[in-house]
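Reviewing the structure listed below.
All chains are identified by letter, namely A, B, C and D, in their written order; residue positions are counted from 1 within each chain.
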Amino acid sequence: MTDLTAVKDALKSQAIETPSWAYGNSGTRFKVFAQPGVPRDPYEKLDDAAKVHEFTGVAPTVALHIPWDRVQDYAALARHAEERGVRLGAINSNTFQDDDYRLGSICHPDAAVRRKAVDHLLECVGIMDATGSRDLKLWFADGTNYPGQDDIRARQDRLAEGLAEVYARLGEGQRMLLEYKFFEPAFYTTDVPDWGTAYAHCLKLGPQAQVVVDTGHHAPGTNIEFIVATLLREGKLGGFDFNSRFYADDDLMVGAADPFQLFRIMYEVVRGGGLTSEVAFMLDQCHNIEAKIPAIIRSVMNVQEATAKALLVDRPALAAAQAAGDVLGANAVLMDAYNTDVRPLLREVREEMGLDPEPPAAYARSGWAEKIVAERVGGEQAGWGA
Amino acid sequence: MTDLTAVKDALKSQAIETPSWAYGNSGTRFKVFAQPGVPRDPYEKLDDAAKVHEFTGVAPTVALHIPWDRVQDYAALARHAEERGVRLGAINSNTFQDDDYRLGSICHPDAAVRRKAVDHLLECVGIMDATGSRDLKLWFADGTNYPGQDDIRARQDRLAEGLAEVYARLGEGQRMLLEYKFFEPAFYTTDVPDWGTAYAHCLKLGPQAQVVVDTGHHAPGTNIEFIVATLLREGKLGGFDFNSRFYADDDLMVGAADPFQLFRIMYEVVRGGGLTSEVAFMLDQCHNIEAKIPAIIRSVMNVQEATAKALLVDRPALAAAQAAGDVLGANAVLMDAYNTDVRPLLREVREEMGLDPEPPAAYARSGWAEKIVAERVGGEQAGWGA
Amino acid sequence: MTDLTAVKDALKSQAIETPSWAYGNSGTRFKVFAQPGVPRDPYEKLDDAAKVHEFTGVAPTVALHIPWDRVQDYAALARHAEERGVRLGAINSNTFQDDDYRLGSICHPDAAVRRKAVDHLLECVGIMDATGSRDLKLWFADGTNYPGQDDIRARQDRLAEGLAEVYARLGEGQRMLLEYKFFEPAFYTTDVPDWGTAYAHCLKLGPQAQVVVDTGHHAPGTNIEFIVATLLREGKLGGFDFNSRFYADDDLMVGAADPFQLFRIMYEVVRGGGLTSEVAFMLDQCHNIEAKIPAIIRSVMNVQEATAKALLVDRPALAAAQAAGDVLGANAVLMDAYNTDVRPLLREVREEMGLDPEPPAAYARSGWAEKIVAERVGGEQAGWGA
Amino acid sequence: MTDLTAVKDALKSQAIETPSWAYGNSGTRFKVFAQPGVPRDPYEKLDDAAKVHEFTGVAPTVALHIPWDRVQDYAALARHAEERGVRLGAINSNTFQDDDYRLGSICHPDAAVRRKAVDHLLECVGIMDATGSRDLKLWFADGTNYPGQDDIRARQDRLAEGLAEVYARLGEGQRMLLEYKFFEPAFYTTDVPDWGTAYAHCLKLGPQAQVVVDTGHHAPGTNIEFIVATLLREGKLGGFDFNSRFYADDDLMVGAADPFQLFRIMYEVVRGGGLTSEVAFMLDQCHNIEAKIPAIIRSVMNVQEATAKALLVDRPALAAAQAAGDVLGANAVLMDAYNTDVRPLLREVREEMGLDPEPPAAYARSGWAEKIVAERVGGEQAGWGA
């Protein structure tokens, strides 16, 4: 029923962006467990990201985070990436780690702090010009911890004003991706807490403003695939920050907590025509206790497997069952695809791409893990704070 | 600091709409416990609602639910209401209790069922013409129970199409209030699950389409006052369905589960200029085990108390503390108002309105409860199904 | 690595009990959609249950619900079951549908109501004597809707006293399975809300009192497999009420909402030695909008598939990775089993059992669905209330 | 109705323990915002804690955290406390910040790590001997992030074994308080995730092992007062870690997020006879963005206000309404107490105790805040990591 060649072609052309910060150390508020061999600068992060692409074949770009990845010469950084077979991707801003941002950044009650935050965002657009990045990804930690702490509505006004200034700075072909998050680090209000808020702002800003869905940023029980379908229908889905969670924003490997949910999300992407470069597929994860590069390889493979299953859904049969009101029949069509073991198919895809069919094993054999432990001695390991 | 006369005036002019169906029997899927004295027809429901207004002074209108409140002569029903001192309020549609609606109504895969649903909504607008009601309140039970059961996006298309037809039928001064709900009775997708979806549809429909916030229809942990502030800022808050909950859509008395949350919501209403007739303040509750009329009186009083506290917030002091970044100071200003015992103030307000200062006691003394138990014998008690 | 013969033997000897009430009509508080062909009495429910066993081979017993399944002659009912190839299973009590139970049953403030409730439970033990059932399954709807409504602790005293009287009545080989539920129909407190409360009561009652885990009865995010592992370790896991949910107690088909969770639960069962007759594997579901018998067949198959995957886990490899602290390696061992498509294996198992390898298709071809629609005309369809 | 003298006496003798770490810096995984004037060692923390007691009169003890508060001479530290008018309280262990604890401590798969963790706990008992502390408070960050990572049940065995060794070391009059937590920092399983698990372990250990309830450590929607009532009924409530939350373990000021919940908890404490020294009332909070000492003063006052309201409940009237099945009447009795403004009563209580009636204002006037900012220059500020 399904055209396997088309499925394979889609899988071969998939592009999943990995985040530079996932190669560095991360943790919880209780403890950051440092790992041996972790990169000490943006160049080494790119070296690791290149390995992920080398073994998976579908991770060609790397997201940067400013200031964690600030360098003197972005053109040189871009060349470094290209020499290793990858390219620079989205630029992620950071308006939450300066002492000035204790009460917010772009929504702060003090105009001087807002100015500083907007200036940082404008700097990021400048970096995009230098790196050739298309997307500016904005996540704001802004919010309040206590009722009354600040005026909810005034903060929206400030947000709108700041975003408008940054939007006006975007060049042709550049986009602003606005991320929402249910809570954390703010514990009472968050200034962009849900897709509705992000959507309302993006709508007013214009077509270059798009919503990004971080799969870990929702209230318990939220139906994420519904949001994906809705944003695609509205032409406002800019991309994903993939990860998974059992509780809050746990930032586990995507597909690790609820692989069926990931499949449902990817099915809506496929069904809504979102499997194109217009939607940025990015990881945003924390490998607090597990080996980082292998975890990212596994995550990329999890997205691949979910995508493969989504592509295998017998859509004519599904549509027929849906039209007939056959609840169990329609559900069975979807589940048939989900229950399929797509690992053999993906091994074929990799072989046809000239890759080892088993990326984790190939990476393990490559000696890279031992090499970076041996060579990356001294210096300061990269982490969220640096 | 606060102008007490203005506070009292605002409290005296407050209008809280009670729902006809709350006077009838209700329950859970496990059991409906019938109560003696419950109304047997729309006329008797209005008699009970009039008692709530008689003792509270701030419940002048009564929402109807079609077909539960279908009568031959709506003009006669309106006269009956007026003779008892109340008026007819919003018209609530019902597209969930016919066998045809097993898989949805306005979003159903079958065009014939959608036609039937839209026709019912058009009928409701006709009833509004007859009753002089301003608001058509739309809640759709539409959704799916199983992944794959129907196409999420196609259902949105159908929804948009149906709403557009109904919107076009609205007369001058009439409004469509679109309600969202997190889940139930659908257990996988709900077609209008959150404020963002309702907002996106209303925005496209036009200025007569507004969002209604049912306080029990959110995911766990959702910050409802943020939504209220945002919708007011967008000019899209049409009204409230008040109730309270500890878990899901429990439909308990408003203010019973989290009085502090109700206060925060009412504060955003006051702060956002929403304490006007443009925002409809309605109850939507189920008094499954407690006496119905006293429960509604208590609910009306709970909204009054929260409103009084919201009006007592020292807004200049709050603004000053917020501007200064004084987290604890700003929080303390808000809490000072919340911690105030406003019951003496409300007793004064009632006395100035010529009412008994203690509505529950006055109602208890009135003999109405005994009278309806004695007189409403025979016939079929009103409930959700009739 | 894994002994496939042993896996197949375990799958062939699996026993999943289906509930008589799942064959009748059910719904939400908003609407019960009646389905054609639904049984009209306990005998017809057993006829349907027998079909599920006929096509799956692993659903040999049927749980009864009293009073919904009350008959004059339980011996005759048991014979009817046996003639159709099944047996009577657990007896489920009902202390929530009489008007007396508005404020509770065994925890009610009025001793007379408590007496009535306990008498009903004693009646159920009497029925067990007649049917030869081993298990009395107790679910109490008891709780309160409003803070202060009743005394939380006094209700626990009443619960303990009532349970003790019923426990004392149990005969040799009989068990009491105590179910907990997070909420619903009570919306503030529930008298047995969590496994801890059920466990504490069962511990005091004695070895014949065991906890039953309904997979839909937990707070959002609860790790159910942890509870399963803990109760098995404590020797207090009496059984399961299987179903699935996205939100509250949705009672969807088991495995439909989160098949990975079901797998993890079954893995803990296997690992904890719980795949024996000491643990009762029961379904407790509501097929509100989908065809009932096919939904139950699918549910039984979902449990089978999860069990097969759990049995396929390479436990020595898993133990080795765990002992080595290899986070990703240990996870991968588990995921390898989960990602396996076990449907071919189960088709083999069925063929070796002399069954059709595809139960849904075989049932569809059998003509039973058409037969019951044609023959079950007149009378009153069974539902939760009858 | 209520004996006001008795209420005042109870309020005067209340004792709320403040945690040494709340005076230091804290934050989220995203950023720790340092505050000027923060203590640099345990002595300075005690100086601050003494100020809280000086102005509130009900915070006479201070909990220590080892190793954050490790000193050479605990007798000297105890004398320092007493010279400032306070005493040392519970000893809190830390088995989550050493690199060895990446995969757990007392539940770690490696026996050597478990040995180290248990040795640390034994060291803590030794410190209790030196300080005269009664309570060892145990919170374990142990758990796993990924399914399969470790064996759930084996970890329980290790936990039981480790706890038994520590329990055996307890001296007469010493207690072990076992804390449970829903999640964080572990994101899949937590080894003591709920009160049931803590209770089951404490029950086996013996009477000196008690459960401690951290009000922020529950699944969304959990009824905490039910747990409090149940643990008191079982004789197993050892104490509280007070704080409040809107989402996860937000560690906001107690009473800030849901003051009505705090009142209901304190009512169950009063009703269950728990307002004694047998139950330890402790704060465990993070003042990430607000001034720390004023936040702790406010938190202590919030507990006082909730306690005052709980003491004002007209218990005979409540019992009568409950016995009569008067749902609204019983709820109204409880709400009457909650809606009372107890701040005037507490001002009286403070004046009778020789204190300023307004602790926040008195503290602000005292000059302490300015003094510590001026004097605590240089050195390293205390925080979670030191």
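Basically, a contact is a pair of C-beta atoms (placed from the backbone, for glycine too) under 8 Å apart; a residue touches a chain by one contact, two chains touch by 3 or more.
These numbers come from a predicted model, not from an experiment.
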Handout entry: Neighbouring chains shared between chain B and chain C, ordered by label
Key = A, D
Problem - Pair joined by more contacting C-beta pairs (A-B or A-C) - result: A-B
Handout entry: Length of the line joining the C-alpha centres of chain A and chain C, rounded to whole Å
Key = 40
Completion exercise
Two or more other chains are touched by the chain B residues 102-103, 145-147, 182-183, 188, 220-221, 223, 246-247, 256, 260, 289-290, 327-328, 331-332
Handout entry: chain C-facing residues of chain B, complex
Key = 26-31, 33-34, 96-97, 99, 101-103, 141, 145-147, 182-185, 187-188, 220, 245-248, 250, 252-253, 256-257, 288-290, 384
Practice task
Flag every residue of chain B that touches chain A in the complex, lowest number first.
Solution key: 102-103, 109-110, 145-153, 156-157, 182-183, 188-190, 193-197, 199-200, 203, 218-223, 225-226, 229-230, 232-234, 260, 264, 268, 271-272, 318-319, 321-323, 325, 327-328, 330-335
Exercise for the section: Within their complex, state which residues of chain D touch chain B. Expected result: 220-221, 223, 246-247, 256, 258-260, 289-291, 294-295, 298, 305, 327-328, 331-332, 338-341, 343, 360
